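Here come two complexes built around chain A, the first alongside chain B, the second alongside chain C.
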Partner chain A sequence: MLEIKNLGKDYTTKHNGIIKTKNLLVAVDHISLKLEKNKTLGLVGESGCGKSTLGRLICRLEEPSRGGIYLDGQAIHELKGASLRRIRWKFQPVFQDPYGSLNPRFTVYRTLEEPLRLHEKPGSKDEIHNLLEMVGLGSEVMERYPHQLSGGQRQRLGLARALAVGPELIVADEPVSSLDVSIQAQIINLFLELQARLHLSMIFISHDLRVVGHLADEVAVMYLGRIMELAPAEELFNNTGHPYTQALLEALPKLEPGRGRLRSILKGELPSPVNPAPGCRFYSRCKYRRQVCLDYENELFSIDANHTVACCRSKEIK
Partner chain B sequence: MPWTHAYPGAIIVPDSSILSVKDLVVAFPGVSGEGVQVVRGCSFSIGRGKTLGIVGESGCGKSITALSILGLVPIPGIIQGSIKYQGQELVGLEEKECEKLRGAEISIVFQDPSTALNPVFNLEQQLVETILRHKNIGSREACDMAIESLKQVDIPDPQKRIKDYPHQLSGGMKQRVLIAMALLCDPSCLILDEPTTALDVTVQAQILDLIELIQRSKNMSIILISHDLGIISEISDEIAIMYAGRIVETTCPSEIINSHRHPYTKGLIESIPKIDSKKKKLKTISGFPPDPQEMPSGCPFHPRCTRRLEKCVKLMPPKTLVNDNMSYACWNPV
Partner chain C sequence: MCKRIAVLGAVLVIILILLSLAAPVIAPYAPDKQDLSQKLLPPSVSHWMGTDQLGRDVLSRMLYGGRVSLSVGFVAVGISLFIGVLMGALAGYFGGWVDQLIMRTVDIVLCIPTLFLILMLIVFLGPSLFNIMVIIGLTGWTELSRLVRAEFLTLKQRDYVSVARAVGASNGRIIFIHILPNALAPIFISATFGIAGAILLESGLSFLGLGVKPPMASWGNILTSSTECMREAWWLTLAPGMAIFITVLGYNLLGDGLRDAMDPRLSGGDNRA
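Coming up: the complex of A and B.
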């Protein structure tokens, strides 16, 4: 249903000191993915790994620098202006911060009525009532403003707004990370329920492997703009192929006594994506690095059916 | 990294409590005159070198509890009950006396590392200010101490980084600086209020490792506040689960999964998504935490509870002791 081919996005950062310099920041590079109808693809990685940029590219909120995005065979990266606007209803974003992404001057009614009007699907009050009910909000919130809603309610509203125009694909960027666990679980259930009911395809972006593992059929682990490992969720956790995925799993807090356990395999922080050095992107933090890794550009190769890894030593270190 | 004991040869009595809080109530007078109770009778104590984890959802009063220990409850908040630090009563202590303790004996690391540092001063100025406030030493000596403190929290190249301003540091670095700042005067009790909430899992793991390492080397007591039961289980010795201003269950990491008693604890555990629980519906706690202004009658959890009895609506359940470290407050425990 959705196919991404060799997608990349660069930014240039200018530094106007005494000497003017221009730097190339490669936010997303060589991304190829496929998503089938009614399935969920999870994107995980540390902040700054390019997962949000990828989400924004898919929603056409950013212009790709290279590569293509195909939705049902249609090249949506080539569309512009009115023709892009006409097709936007098919893919809708849900953002992390439900407060920042809702207009504080719009009531719930107006927030939901606007997308319907813009996409020439004018909705009656009944329709908006149905939308609210679908996401578990009562119609008593219809005339309220975002500041009068709780965090969970706002996230439900953000989801209702995305669903208003009847999309085929939802791109959800960290939709549950600002919520309390009990509310988070309610929203995760809502996503699962709506996906089954409306036959949605989803891209679910999160830094929390637990959430992604729970929701996604397939998981892509990203590091510095590249995909490091791509596999069905279960396979990824039981048969981890990349040292970075390993480190992420190890760092997860477990629900058991952990006194004295060493949790951090990874030292230091994500290196800067500006002017990246050649060789494996993960080289600087990898404990399995060897000379060969410097000549390896993170090409993905299969280690199993449906399981691809971007590590040239994956077989040796297993 | 090797760690050494702060007081070699010192005899440490493991369970002598360093801080004990009894029947703590924090209220804010409202317009109606009645006042809103945010913390409603909390009691706990913490032993030397031990970690107490306090878990709860936002608004359950966990942060206010921490602030009341430091005498930082914002005006016009009123504190009742007793907070004893090494035998000294902190409730009703004069501000001057409080200032002597705060930072030197009991220290806190606040939740959001990007707002807890002052953006217009560099690290050196902020660290040195803290030292000079508590110690009678020269500024050059204080500066050396500040560099040493950054080294302790694994900040690379501390001589250079100390001239940086907060915006030049990443989130994880800022959190390290805040921990360094809290440790400057060798406090015996450290309060960590959601220390890793804004951080990536990998950085979170590093910070948790760091906290544990420092605790061991200094035999410090820690109160760790978090909404994430996972983090709490990782580094706590004892766990207190807070709901609507009260501690509803106390337990320990080895018991929490299999022998929890309170339905709220059960709900919290079940709402955590598991990596391998593929696409199953999560069990959730329905509804949301009560508004402190409109507290339900009886047990405050009864409107959301699946094990509710008639009695729960009318009567507040008393604390039931299981053993020395475990207790719960529920009429119909799991």
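Coming up: the complex of A and C.
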């Protein structure tokens, strides 16, 4: 249903000092993914790994520098202007900050009425009432402003807004990260429930492996703009192929005392994505690094039927 | 406390507007009726603010002068607002060469001292109420456009703008329906200050004899003529001076009050966040 081929996005950062310098920031590179209908793809990674940029690229909120995005076979990366606006209802984003993603001057009613009207649906009170009910909000919030809603209510409204136009794909960018843990669970269950009911495909972006593992059918682990490992959720947890994924899994809090000793906590920061050095992206922080890694450019290869890894030593280190 | 001061500003502005609108009804004399036998009278029951050197009633002239100040303030700022908001919005929203073109134009206009530019234009076009309004308006939009541009630069990064784009809103819709209403508070404050500034500028130009031409009354030219006979009738400078001061003060206080009122988060009500 959704197919991404070799997608990349660069930014140039200019420094207009005495000497002009131009740097290339590679935010996202060589991303190829497939998402079937009704399925959820989880995107995991540290802050700054490019997962949000990838989400924005898929929603066509950023222009890709190279590669293609195909939705039901249609090349949506080539669309521009009015033809792009006409097809936008198919893919809708949900953002992390539910307050920031609602126009503070729009009431709940107007927030939901606008997308309906832009896509030539009447936007009647009944329709909006149904939308609110679907995400578990009552009609009494209809005339409220975003600042009069609680965090959970705002995120429910954000979801209702995304669903208003009847999308096929939801790109949820850390939709629960800014909520209380108790409300996180509610919203995650709401996502699952609505996905099943409305037959949605979903890309769920998070830095939290547990949340993604709970939600996603397939998980892509990203590091410095590249996919490091791509596998069904079960497989990723039980048959980890990449040292980075290993480190992420080991960093998860464990329930059994004593067994929770961290074997390989990641040291240091994510390297800068500006003018990246050649060789494996993870080289600087990898505990299995060898000379061969410097000649390896993180090409993905299969280690199992649905399991691809971007590590040249994954067979040796397992 | 803050609200009370803002209300004071609003009351001052409303009183001044009402007085100017009602000038033909409430003015005790015609503003240009001369009576040389009654010249330079001190304030009295029949002439509340005295009379000038031609025997004209100063109160009546002040009321009519208020209409000039108001129309200059509103029309000039209206023109500035229109150009400034449009230019600032386009520059901030689209960025790139549009931004460069508009902002370099602003830089060029700002290079020339406004007062000299206005004086030069008036010398070419001739002083008249209409010319004054248009010229003040056409020279006053630059700082407003910078302000609007800065607002747009920050607001266009907000998620709700991305959301609006994602549901297929056009650029025009995003600019005028999603971003502009959220940028209104600083624009309004700037506009009220702008009205005060335009009134001051008009008074100054009229004071220099380059603004509204006598016998038409304006606070600026009332002030000029009163300074000519300050030794005999010092009280004549009081009325126009105070009027200009109170008007400018009123608009400035109102500007602050509007800022608070325009921000939905500061208004009361059911705030559960």
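Everything that follows uses one rule, which is that the second predicted complex is superposed on the first by the 308 of 318 C-alpha atoms of A that agree within 3 Å, B and C clash if a C-alpha of one lies under 4 Å from a C-alpha of the other, contacts with A are read in each partner's own complex, and residues count from 1 in each chain.
The working rule: a contact is a pair of C-beta atoms (placed from the backbone, for glycine too) under 8 Å apart; a residue touches a chain by one contact, two chains touch by 3 or more.
The model shown is predicted, which means the values in this text are computed figures rather than measured ones.
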item	value
Clash or fit, chain B versus chain C on superposed chain A	fit
First (chain B), second (chain C), both or neither touched by A:Q148	second
Touched partner set for A:L118, first chain B, second chain C, both or neither	second
Partner chain in contact with A:D180 - chain B first, chain C second, else both or neither	first
Greater chain A contact set [chain C / chain B]	B
Inter-chain angle, chain B to chain C through the CA centre of chain A, in degrees rounded to a multiple of 10	80
Which superposed partner A:E46 touches (first chain B, second chain C, both, neither)	first
Which superposed partner A:V165 touches (first chain B, second chain C, both, neither)	second
Partner chain(s) touched by A:D10 [first = chain B, second = chain C, both, neither]	neither
First, second, both or neither for A:L209, with chain B first and chain C second	first
Minimum Cα separation, chain C to chain B, after superposition on A (Å)	9
Set of chain A residues, in rising order, touched by both chain B and chain C	150
Residue ranges of chain C in contact with chain A within the complex	158-160, 162-170, 178, 181-182, 264-265, 269-273
Parts of chain B lying in touch with chain A, wherever the complex brings them together	57-58, 170-173, 200-206, 208-209, 212, 227-231, 233-235, 237, 252-254, 256-257, 267-286, 288
Interfacial residue positions of chain A with respect to chain B in the complex	46-47, 150, 152, 180-186, 188-189, 192-193, 207-211, 213-215, 217, 233-234, 237-238, 247-267, 269
For the chain A and chain C complex, residues of the former touching the latter	56, 59-61, 85-86, 88-89, 91-93, 95, 97, 99-105, 114-115, 118-119, 144-145, 147-150, 158, 161, 164-165
